[in-house]
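Going in written order, the chains are labelled A, B, C, D and E, and every chain counts its residues from 1.
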Amino acid sequence: MNALIFTALSGVVMMFAGLFVRNKQHIKFIAIAALLITFGANLAELSTIAAGSRTVYGMITISNFSILFNAVAFGATLLFFLLSGSAFEKVGEHVSDYFALVFFILSGITLASSFSSLLMLFLAIEIISIPQYILAGSDKKNPKSNEASLKYFLMGSFSTGILLMGITLIYGATGTFNINELGLGEGEVSPLALCGIILLAFALSFKVSAAPFHFWTPDVYDGSPTVFTSFMATVVKAGGFIAFIRIFHIAFAGGVISEHWQLLLSVITAVTLIIGNFTAVFQQSVKRMLAYSSIAQAGFMLLAVIALNDLATKGIILYAAAYSVATIGIFAVLIKLKDYTFDGFNGLARTQPLLAVTTTIFLFSLAGIPLTAGFFAKYFVLAAAVQQGNLLWLVIVAVLCAAISVYYYFRVIIAMYFKQGEPQTAEITGGFKFLLVLTAAIVIILGVFPGLLLQLI
Amino acid sequence: MLTVLLILIPLVAGLVTFGLKGSGPKTLGLIASVASLAVTVGALFQFRTAPESLQLTASWIPQLGANFSVGLDGMGMMLCLLTAISFLLIFIVIYNRNYERSNCFYGLMLLSQAGLTGVFTAYDAMLFYVFWELALIPVYFLCSLWGGEKRIPVTFKFFVYTFAGSLLMLVGIIYIYLQSPDKSFSYASFTAGSIDAHAQSWLFWLFFAAFAIKMPVFPFHTWQPDTYEQSPTPVTMVLSGIMVKMGLFGVMRWLLPVLPKGADMWSDAAIVLSIIGIVYASCIAIVQSDFKRLIAYSSIAHIGLMSAAIFANNEQSLQGVLIQLFNHGINIIGLWIIVEIIQDRLKVKNLNDLGGIAQYAPRMAIFLVIISLANIGLPLTNGFIGEFLMFSGLFQFNPWFMAVAGLGVILAAVYTLNMVQKVIFGESNQLTATTTDLKGNEMLVLSIIVVIIIALGVYPKPMLDLVSSTTELVNKVY
Amino acid sequence: MPVQYYIFLSIALFCIGVMGVLMRRNAIIIFMCVELMLNAVNLLMVAFSKMWADAGRVDAGSAQIFVFFIMVVAAAEVAVGLAIIVMVYRNSHSVDINIMNRLKN
Amino acid sequence: MGMSLQQIIFGVLSVISLVSALGVVLSKNPVTSVLCLIVTFFTIAGHYIMLNAQFLAVVHIIVYAGAIMVLFLFVIMLMNLNAEIEPQKRSWLKYAGAISGGALLVVLLAALREASVPSLKPESTDIGLIANLGKTLFSQYVVPFEVSSILFLSAMVGAVVIGKKED
Amino acid sequence: MINLVWLVPFLPLLGFLVNGLGRRYLSKSLAGIVGSGAVLAAFVISLLIFLEVKQPGFQAQVVSLFDFISAGSLQIPFAFQVDQLSALFLLIITGVGTLIHIYSTSYMHDETSEGFARYFAYLNLFIFSMLILVLGANYVMMFIGWEGVGLCSYLLIGFWYKNTNYNNAAKKAFIMNRIGDLGFLLGIFMMIVNFGSVTFPEVFEKAAALGAHSAVIPIIAILLFVGAMGKSAQLPLYTWLPDAMAGPTPVSALIHAATMVTAGIYMIARSNILYTLAPCIQTIVAVVGLATAVLAASIALKQDDIKKVLAYSTVSQLGYMFLALGVGAYTTAVFHVMTHAFFKALLFLGSGSVIHAMGGEQDIRKMGGLKKFMPVTNITFLIGCLAISGIPGLSGFFSKDEILSSTFEVNKIMYVIGLITALMTAFYMFRLYYMTFQGKFRGTHEQEHHLHESPAAMTFPLIVLATLSVFGGYIGLPEVFGAKNLLAEYLAPVFAPSVPFAEVHHLEHNTEWILMGLSSVLVIITIFIARSLFRNYQDTGVQRTGFAKVLENKWYVDELYDAIIVKPLIGLSRFFEDAIEKSGIDRLINGVGRSVSWGSQQARLLQNGQVGFYIFAMVIGMVILFVIGFLLK
């Protein structure tokens, strides 16, 4: 509950900060401070619900799990603020409003991690989505940004319609919105419920950009201001997944019904993995490549959604953390570059060795190479899928796609280390370098001792 | 404790090396490799007196049941010894070379040593996998940064190929882990035999894919000649001397004991592939005109024999393989050193551009002849012992397999002698007439190699004793 | 009267909305079709609400509250959506979605 | 078996709503589309009343017909859009859209055909009364009620960010 | 003394090490002394051992040095076995070896001191390997020597490494030997599988226990024989031996005439029990031997290179020995090995002396009349020719005649062919003799000017060998002469195990006399024919035609092998590389990569930027997934 309250309050504070604080630097610091407080408040709640969970009016249920996920999301956002916060200023005038929107999105994410009513799920998704439409279009003069915003908005509201139809059908079958009382796992499968679940799966697939509902992703990520892409592709996507896994694992697990949607989601996962990885291979822009990579990574996270076991829930948190941190890191470097194409990275290892090394670590993590956080993230979702038993074919598809993913991640490494060039970079401060190294260190530490995070779950 | 030290020395030295300048890296590299060798020898003594003191298990990821569990048995001991010796030899032989960004070069070399040692000592499947990948990364960078013209696509192919194989193995590891009685990655629970025969039959291929690509076994080998050709020669030495042993080691440590029924089911298929590889690679070696590619194909043929012998899975064949792991490593590194020297002197590696070197560099010629002979398994060289036992074991498994594999012996003579003739015999040309003979450090390294070749060829008993404990283990489980 | 009727009606309206989204190029019309979809959902929700109320569930009213929230959200969405459409129009003097393809591949 | 009054009203309302919905989709003039949509909304409001959702019916009219559609109309007027401006979609894509939408309809109907749901009882219930809804809304549904304020805040901020003219 | 047997191979090894490592620092004379001295010392020890072994009732002794290979149940010690057979071979090897070393000190004097030392190092290494071969107490030890001698042969044939042809000859020798070696190796593995051991006594005991009806023994026997074919240059693996003449002539004398090539005979004699138990394989051995003998002899008829004639003669004589082995006359085979070692070494060294004098010329058409320039060489060479032709009273007569009579006992047709071969031998040897030493000199004036008798270091071995060629036969005097066959008696313990299984043939003494007389008369007639034809040979320069051309070109066997083995192998290899490796597997692997990027390009097109299309695709996807997830289930 703290998380929700504090994020919302922080958002309000940021709204007003724009009125009273003229110095944009200071706005950033206020945002960081607010986030730190939120982070602390969130963790403080951990002690109060040490045993079990707390439910508020049957609408939201706060548990260790949700708090931990919030902590991951806040932590990632904090890194995002620290590394790329100053890039907010370059987007437009309404710096404080952008921060406010980010905080509102965060409150949506806290809802996504703790909802226990379908109504709250709907609200959470809308609270996450609406500010994103705006952030995507925040570079108002830029036609690309306009286009991204409109595309995102149109498709997003279309998917909202599908989501709502799904919820309605589920309500029709069960008569309740409370996900703990749906009881769909028991007894015969009602066509209404099944239809509803499938539509819900489609809508959520849209939010996490799973194929064939992924089409918005590359365009929106590409067109949005890079700094917001960074946030959208990481923390927000993780929020989508937490909602996804929450509803499917709590409400739809068990019985015949899960076999139905597991089959469906396996197909979606396979297509997502293949489309995401294949399309990423031929991109010219690193930013767009990262958009496709986010689709590909979504395919991996979907494995955790399909697999109904303990490993999956652990895996999704670890994956969210690992993926977010690494991607935020890469975007932070990308923002500093003048040229977003692969060629823009040529020779970076010579001019900015530190940037190159940290980027390499982030890319390793995304590719799932051991001793980076990404490896254990992949390990967990794969293990979850293997444990599920009948998903081995999907696991094989996934690992082969992971091998393909090396192809485009390593293109960046090849450009940085093995090609000649003089990449143009914005001014790189010592503080930025320090933070970048810190981020890389987190990736490595989580990769060597994933137990640090796992013991919390 | 010594086992951990074996990994730590190159790891720490490697990391430190990145920060050094001037001749610091090469000096530190040399010191670290001497220290590694010393520790290895120390471990060897401890292995004789108190082998259990070389085992160490520390908690790593308790939530997963993954431990930092390392240890040395005869096989691991021998491969660690090979690693330590090889790196020392490599560092000595390249001591007077000046590599651009030498701190990175030596740093990456040492890191790869740490990774390799880790692979050979890991007694925990997760740890094994981590080291397995870790050994690959530095090599990838070494090849891509200091390699030949086509290095980038070639090493990239190598990386993706082996990475894909490793991932398949990871799936297998996960499956076995989930089936293990105590949800642990430890060697003991992996070999507890909790996998049913049906699962073993497909798990076999997941593991085999990873190992076969690494070895490499026909038809998974096509990355190898290109990579050997394009890599800087010191890295090629690491690749062909030690790294390919990872695959063979993997089969013996993580395939046969873990999936005995699967191995039993598919051993014929694996052996047939291996044997096809022997004949096939030997034939191709005959018509190679590139020095490095020729040795690369010869290596495929040799590895093919080893992998066939492993899957024959009897006492003699396994003992032969274990011996050969070491000996092949030493011999092939010897060959590469000569390649390196010739390339350093003459900047060519096409066999048709060479010839007549024996007149100008008689010492080098002699070393080349001896090492080549060891490479084709002439009696009283180290190559013979392993080949004899492997063939003998393979013969027991199936005489026809052995007879076909034996063709490799003949073909090996053909291409090896061709190579020797084209490189050192015949009339010299303008270029080769400028060849200078071995320098001190090169002389030292090659002498060490030749001493090992002869000593182990005449008196292989210590080596056989060292590995006999391991083969007992493999057979017991089987 | 069978609830089936309402289901069919709502689905039909919903799919007409979907068709509209697919067939039109004008962003505003597309948006209107989305609103049509939402209304189809609302209608069905209300029908289900009545159905469960008839079945004796005391909390059947929550479905109507849900509909209320949908309307609320739709209103907010319209505000944002129209703002975006206006912004796009200001920059490119068109709301034709087909000419928006700077971002592709 | 004769049809009850309810069924007759339902039939009439449904036909009107479907036709006007199609009008929204097919009409070439955006203004006509808006007007058709408003008709649809009214028929839906009629359904609401039949389903004992009196409060919703009122809110529906106020929010949709009164506010939202007026906004739409404003925007359309503002942009001075009319039928000539919107070029026709390439026809195959248009048909493809119609066909795929139809396919979705068929699939959904096929899926829900067998759904066994009870019939609605003709007698009215009181769940849709303002008093009851208000009680539920401000007790059990207070959290979403508050949370929706976040939504509005962000929509508000968004409208400012997007709409405010910069120099 | 027996316990010091390790010194016998060790001394040449020491010589090898000293010469090999110190080749830059040793003077030529020192290198020669070290090389020859080591072998001489080994000879002395061998002689002492022989004297001990010669004692009646001597039992074979095994001297174990250390464990060579121990893998589970398989134990292979590094051990030497001293018995009658090995002791005899020790004598031959070190004895002939010493002479040839001494000869070489002079013959190789034109080499640089480094090359000189290298030469002696190789030669010593060869002696070492050969001694390991015959001393080995098990088949693996034998195999070590077996491959070792192959290696030394390779090194020595290619001694003048600048010459590509020599290198090719060396390579050919090594590879053909390896083909045989593979057979040998397979035989060893057969033993390991079936007998669990490779040591001689155990293998022989277990083989004897299996008896004549086992299927295993013929397989082992034939596999070992394949090894022998390679090493002893039998059909079809004989073509390397004539090419091996590229090496220095003393090498030809030592390796390719006296010692190495007889390793196959040694092996079969050693394994006599295996062959006696496999009569069908014995027949194969005999037929192969005989065929080789005839074929090689026929080729020798039309060769013009002095060393080539001798080389084919060697192949032919080796065939003779295999014939003897094939008909079960093991002693006789060993006897012929010995006598052949004497006279063939003599002939080769004689030819070396000639070549030395002729300044490297080897074509006998360009020689003639050397008698007056090189008296010692002439006489000794003549003795060699007489011995090999089987003139009664000389060593070759006894051994060859024993072979023929043993063959007669078994098969008359074989006897006839054997006899014809003997006549051909006499013919080409005297053709060689007359063209070289008689008549007028046909070389250049410059050559004539330089003609001279070779120095003492070269003539001394010739004289010793000539003496042995004359008298060496008397130790194996057939019983028909009324004396005891000393050799047979001496070797009896070695062949004793075979006796119970061998078919007993006994030839009437009269028949034996008749056969002997017949062959002697025919040989003498043949020699006179050769004399009349070639005593005053004049080089007409006319190309040979018809059958003579076929013989001159060695029945085109090299060309045949080239066409059916070498070319197809190269073709296959190229096919592997071009078709399978590059356009097959590698293209497939790269094709995976390429299809990924092709797929990527296609997938990119889906992302066409049109929202309408995106939503359309979503709806289509929904419909399809609905069908999959709902209706199909």
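Following the convention adopted for this analysis, a residue touches a chain if its C-beta (ideal position, glycine included) is under 8 Å from a C-beta of that chain, and two chains touch if they have at least 3 such contacts.
Remember, it's a predicted structure, so these values are computed and weren't measured experimentally.
Listed by label, the chains touching chain B and chain D alike are A, E.
Geometrically, the chain at the heart of the complex, using CA-atom means, is B. By the count of C-beta pairs in contact, the leading chain pair is C-D. Taking each chain's centre as the mean of its C-alpha atoms, the one that lies farthest from the centre of chain A is E.
The distance from the centre of chain B to the centre of chain E, each centre being the mean of the chain's C-alpha atoms, comes to 37 Å. Averaged Cα coordinates give chain D a centre that lies 101 Å from the centre of chain E. Centre-to-centre separation of chain C and chain D, using mean CA positions: 6 Å.
Distance between chain centres (mean CA atoms), chain A to chain B: 42 Å. Within chain B, contacts with two or more other chains are made by residues 160.
In chain C, 3, 7, 14, 17-18, 21-22, 25, 31, 51, 55, 59-60, 62, 65, 69, 73, 76-77, 80, 84-85, 87, 97-98, 100-105 are the positions where the chain touches two or more neighbouring chains simultaneously. Shown for chain A are the residues in touch with two or more other chains, namely 119, 123, 126, 130, 133-134, 137, 140, 149-151, 154, 158, 169, 172, 191, 194-195, 218-219, 283, 404, 407.
Chains touching one another, given as pairs, are A-B, A-C, A-D, A-E, B-E, C-D, C-E, D-E. Within the complex, the chain D residues that touch chain C are 4, 6-7, 10, 14, 17-18, 21-22, 24-25, 30, 33-34, 37, 40-41, 44, 47-48, 51-53, 55-56, 59-60, 63-64, 67-68, 71-72, 75-76, 78-79, 81, 86-87, 89, 94, 96-98, 100-102, 104-105, 108-109, 112, 115, 117-122, 125, 127-128, 132-133, 136-137, 140-141, 144, 148, 151-152, 155-156, 158-159, 162-163. On chain A, the positions that touch chain B within their shared complex are 364, 369-371, 375, 379, 382-383, 386-387, 392, 395-396, 399-400, 402-404, 406-407, 410, 414, 417-418, 449-451, 454-455.
Residue ranges of chain E in contact with chain A, taken from their complex: 593, 596-597, 599-601, 603-604, 606-607, 609, 611, 613-615, 617-618, 620-622, 625-626, 628-630, 633. Listed in rising order, the residues of chain A touching chain D in the complex are 4, 8, 11-12, 15, 56-60, 92-94, 97-98, 100-101, 104-105, 107-108, 111, 117, 119-120, 123, 126-127, 130-131, 133-134, 137-138, 140, 149, 169, 172-173, 190-192, 194-195.
The residues of chain B lying in touch with chain E in their complex are 157, 160-161, 219, 221-223, 280, 283-284, 286-288, 315-316, 319-320, 356, 358-359, 362, 373, 378-380, 384-385, 388-389, 391-392, 395-396, 399, 402-403, 406-407, 409-410, 413-414, 417-418, 421, 424-427, 458-461, 464, 468, 471.
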